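You will see two complexes here that share chain A, one where it goes with chain B and one where it goes with chain C.
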Partner chain A sequence: MMTNPARRITQGQFSFLPDLDDVEIGQQIDYGLRKGFAWSVEYTDDPHPRNTYWEMHGMPMFDLSDAAGVLQEVRECRRAFPGHYIRLVAFDSTRGIESVAMSFIVQRPADEPGFRLLRQEGPGRSMRYTVQGYAADRPESQRY
Partner chain B sequence: MNRPVEPGVITDAKKRYSAGVLKYSQMGYWAPDYEPRDTDVLCLFRITPQEGVDPVEAAAAVAGESSTATWTVVWTDRLTACDTYRAKAWKVEPVPGSQEQYFAWIAYDLALFEEGSISNMTASLIGNVFGFKPLKACRLEDVRIPVAYVKTFRGPPTGLIVERERLDKFGRPLLGATTKPKLGLSGRNYGRVIYEGLKGGLDFMKDDENINSQPFMHWRDRFLYVMDAVNKASAATGEVKGSYLNVTGATMEDIYERAEFARELGSVIVMLDLVVGWSAIQSMARWAREHDMIVHMHRAGHSTYTRQKSHGVSFRVMAKWLRLAGVDHLHAGTAVGKLEGDPMTVQGYYNVCRESFNARDLPRGLFFDQDWAALRKVMPVASGGIHAGQMHQLLDLFGDDVVLQFGGGTIGHPGGIQAGAVANRVALECMVKARNEGRDIRNEGLDILRTAARACTPLQQALDTWGDISFNYTSTDTSDYAVTPALAA
Partner chain C sequence: MAASVADVLASSQVESVLDELDRELIGLVPVKQRIRDIAALLVIDKLRRDLDLQAHRPSLHMSFTGNPGTGKTTVAMRMAQILHRLDYVRKGHLVAVTRDDLVGQYIGHTAPKTKDVLKKAMGGVLFIDEAYYLYRPENERDYGQEAIEILLQVMENQRDDLVVILAGYGDRMETFFRSNPGLSSRIAHHLAFPDYRPEELLDIGERMLEGMNYRFDDEAREVFAHYLARRVAQPHFANARSVRNALDRMRLRQASRLFAQRERAMTRTDLTTIVAADIRASRVFETPATA
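Up next is the complex of A and B:
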């Protein structure tokens, strides 16, 4: 178990709150839809802080304007990957933004072993750091 | 004076250029019929003429002294296309509600300025004129930089959109804290504060403006301990973390050396104090672009010239210059904290930092439309006397694109630094969630915080400690404008 105050990986908008239930997730989806964002479901078994590209569970839902449809995608992803990290990501295509506007975790493994910090000592007391997931030692799809 | 003063602009060249002293308004610096061009730099000055000085003459004098004029006629003007190089005051109006102050609108030809140089622009616009004797006081309230000039600047090296992508943090304000006490900690003790704050849930920790390389903690020692804390916290949370390493030093060589070491150690961000000056800021913007680094700008010293309404440079002008010069973070006020700031005026600064186009907005102190020509956006930073109990006000005033920095509000928490960080992060996340759910956070904010605190002891302790602390003083810098029927409608 991780020892930070949240006892888990704290990526995303709501990791310090109790897990959002599907009604609450639906409210966040609605907020994004009202803003004109496109939602996308992504999953991974490699939650390294700099692993940008989680797997896409289908394309971003550009033409979907109904929270229930997005939630349905989340549920399908959960069924397919019950032990993975799953996040909802909202894209804003407004000129001058054109990036992610929201991102929060909607499923995480029961056990989150976290990361080790490797230090490689260099000259002049300098140090090179590597952050490595404990679960990442195992092959893909056997990590959680 | 060697000739009678005639009213109006002198158009006869022989009279105009005969040796002696003329009124500025007669020399071509007052041009009430002038139509400002899209390529002109436009300035709005607030001037307080000495008693007996005609406001139009005072405005013309400001135009003259900030462009081509000197106190007397010089024949060498005639070797140049001097009519085009003269800045032109084209409008003077009394400041609404004031007996002795006037707004003076002045236009400057684009050719008066060196491309991509804030030092050059400021040397003209605020170079000599602020000490000019016929004025009691003078303040540069706002400036419109034409698109043609904007495009000669490279702007923020990272910008707030790319910063979020690099940090993998979206849809909420970022959280930071300044390490306290600001002076005296050893490198080892300093790193402890960084580690506790970041592991507790903050995104950033920060050096203070006057932490450079003092006897109690040399800069290399600070950087080494801080980066150990940053990496350890990143592993402990699975998040990208950062700490603004202040690279401010005595010389540009020192600044580069410190920045280079921060880069070698893997820092995502470095910090610079405003007092280093425009050219140093632009040099570091260039360095940061070459090294994928975020530049945090602490506006140390700005209040010496931004705070008083009658004299100096408005912070909205500073923010425009800094966006052009190229900083990624800029302290822009809190409105609710311990430092000066009227909420609407502060929102005006935030808009300068974050919008692609600023529409004229008199209540927020923006006197001109400003097209930023796709220049990257600056992440504003709210820092100074704010705490978790104000989270609803801060989110309501400033939205998502801001770094909220709770220094005392993290480190002074009765349960310790990690508990302080938890309180802030939980307060932030519950407020963002509630806002997105459609709750009226401005009015229900305290209830939302109290409900979240039932499941979070550190937040309850924060509310118990600081819940009713506020800094309600009258602002010295508010915008002056007359509500016209069109605006009020």
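Up next is the complex of A and C:
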């Protein structure tokens, strides 16, 4: 995550593959629906690896049987946020699991500058490290 | 590659669904004929597609009109299966809703609610029962209109994703369509469900009993025919639904008749047979058969 040679953020599933097209996304959604997951669409302009909670685009979609409904929501989100990161998250509500079962990016900005590594000297010879997105330096509306 | 109608039928098993429809649903001749027509069109389209001919996806939104208890919901359920076997819809489930599920209670509540239902129905059939309640002309600020508009948009633009079936009683649906011409014109198939004839009702009753592991004895069958003749003339007659209710009451009477015979060992025949007395006790026989 610290290095970003391909200028391409790798988070969630399939992120080392070329971007999925809508048919492939639909197939993944269908797979999740068959497993009984509830899909939801999330977006952000701050893809920091520790930024777990992205903004929700609408409610999680329970009780669906076909990918068309989820894809429609993805398209609406793309229209509203053409330059943001958008990901699909599948929630498994099985008792005892109750957590995210799948998650992958379905839209990324054209240019992804990646993250810088910040070093901070601590007491003695200790060194603290953190990462910061280059894009996150700019105000919210100008990041991507 | 499929080359003949028989090949497509064999691979899709649609024949068995149609036969089932014929066997299990009594009467409804015009409805069955239309379903056969639709099935035929879809089969031929499949053949055309295999030969790279233009096969325009037909619009299959439907309206079912008919009196209560004429089998609108039952047929809608079958329709979802048939369309699934013919590869017209991807999943073949039925989502049955009424006004409450589509229309919200305050401004801004309706659109998400309707969209939610539409999303759930995608890949299958959306069945809107008593659809005329969606439109309430007496209240101009009613949110039903909003739901209708969203519905129209999806019916037009996402024809591949779902089939919408509107159902309701004949006269009120007519008023509904007259005041929403846009909706009416987007529905290709208007199916009218006829009332059942008395002998069809008798068949339906016997079939229902069979499903519940009961049967009439010979006399009871005759009395039940009389019962139906009287019941049909009475107000609030709801076709097959009334038959089902009547049968449930007969089962109650049969049960208390048997219950009264404490010492008797019940045979299988005793437990499954409904006799004439169980039917004669009905309220329907109290009034003289003038109507």
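The rule is short, and it goes like this: the second predicted complex is superposed on the first by the 136 of 144 C-alpha atoms of A that agree within 3 Å, B and C clash if a C-alpha of one lies under 4 Å from a C-alpha of the other, contacts with A are read in each partner's own complex, and residues count from 1 in each chain.
As a working rule, a residue touches a chain if its C-beta (ideal position, glycine included) is under 8 Å from a C-beta of that chain, and two chains touch if they have at least 3 such contacts.
Note that the structure is a prediction, hence the values are computed from the model and not measured.
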### Message
Quick check on the superposition: with chain A as the shared anchor, is it clash or fit for chain B versus chain C?
### Response
fit
### Message
If we overlay the two complexes on their shared chain A, which of chain B and chain C does A:Ala38 touch? Say first, second, both or neither.
### Response
neither
### Which superposed partner A:Cys77 touches (first chain B, second chain C, both, neither)
neither
### Message
Quick one: is A:Gln13 in contact with chain B, with chain C, with both, or with neither? Answer first, second, both or neither.
### Response
first
### Task
Give one of first, second, both or neither to describe whether A:Asp63 is in contact with chain B, with chain C, with both, or with none.
second
### Task
Applying the touch criterion given at the start, work out whether A:Ala135 contacts chain B, chain C, both or neither, answering first, second, both or neither.
neither
### Message
So in the superposed three-chain picture, is A:Ile86 touching just chain B, just chain C, both, or none of them (first/second/both/neither)?
### Response
neither
### Partner with the higher number of touched chain A residues, chain C or chain B
B
### Message
Quick check on the superposed pair: does A:Ile25 touch chain B, chain C, both, or neither? Answer first, second, both or neither.
### Response
neither
### Query
Does the superposition put A:Gly114 against chain B (first), chain C (second), both, or neither?
first
### Task
Quick one: minimum Cα-Cα distance, chain B versus chain C, in the superposed arrangement, integer Å.
16
### Message
Quick check: in the complex, which residue numbers of chain B touch chain A?
### Response
161, 164-165, 168, 170-172, 199-201, 220, 224, 227-228, 231-232, 234-240, 264-266, 356, 374, 377, 418-419, 421-422, 425-426, 429-430, 432-433, 436-438, 452, 455, 458
### Message
Looking at the complex, which residues from chain A come into contact with chain C?
### Response
58-59, 61, 63-70, 72-73
#### Entry: chain A contact footprint on chain C (complex, rising order)
90-91, 93, 112, 116, 118-120, 122-124, 158, 160-162
### Query
How about chain A: which of its residues touch chain B in the complex?
2-6, 9-11, 13-18, 20, 24, 27-28, 31, 47-50, 52, 89-90, 95-104, 114-117, 124-129, 131
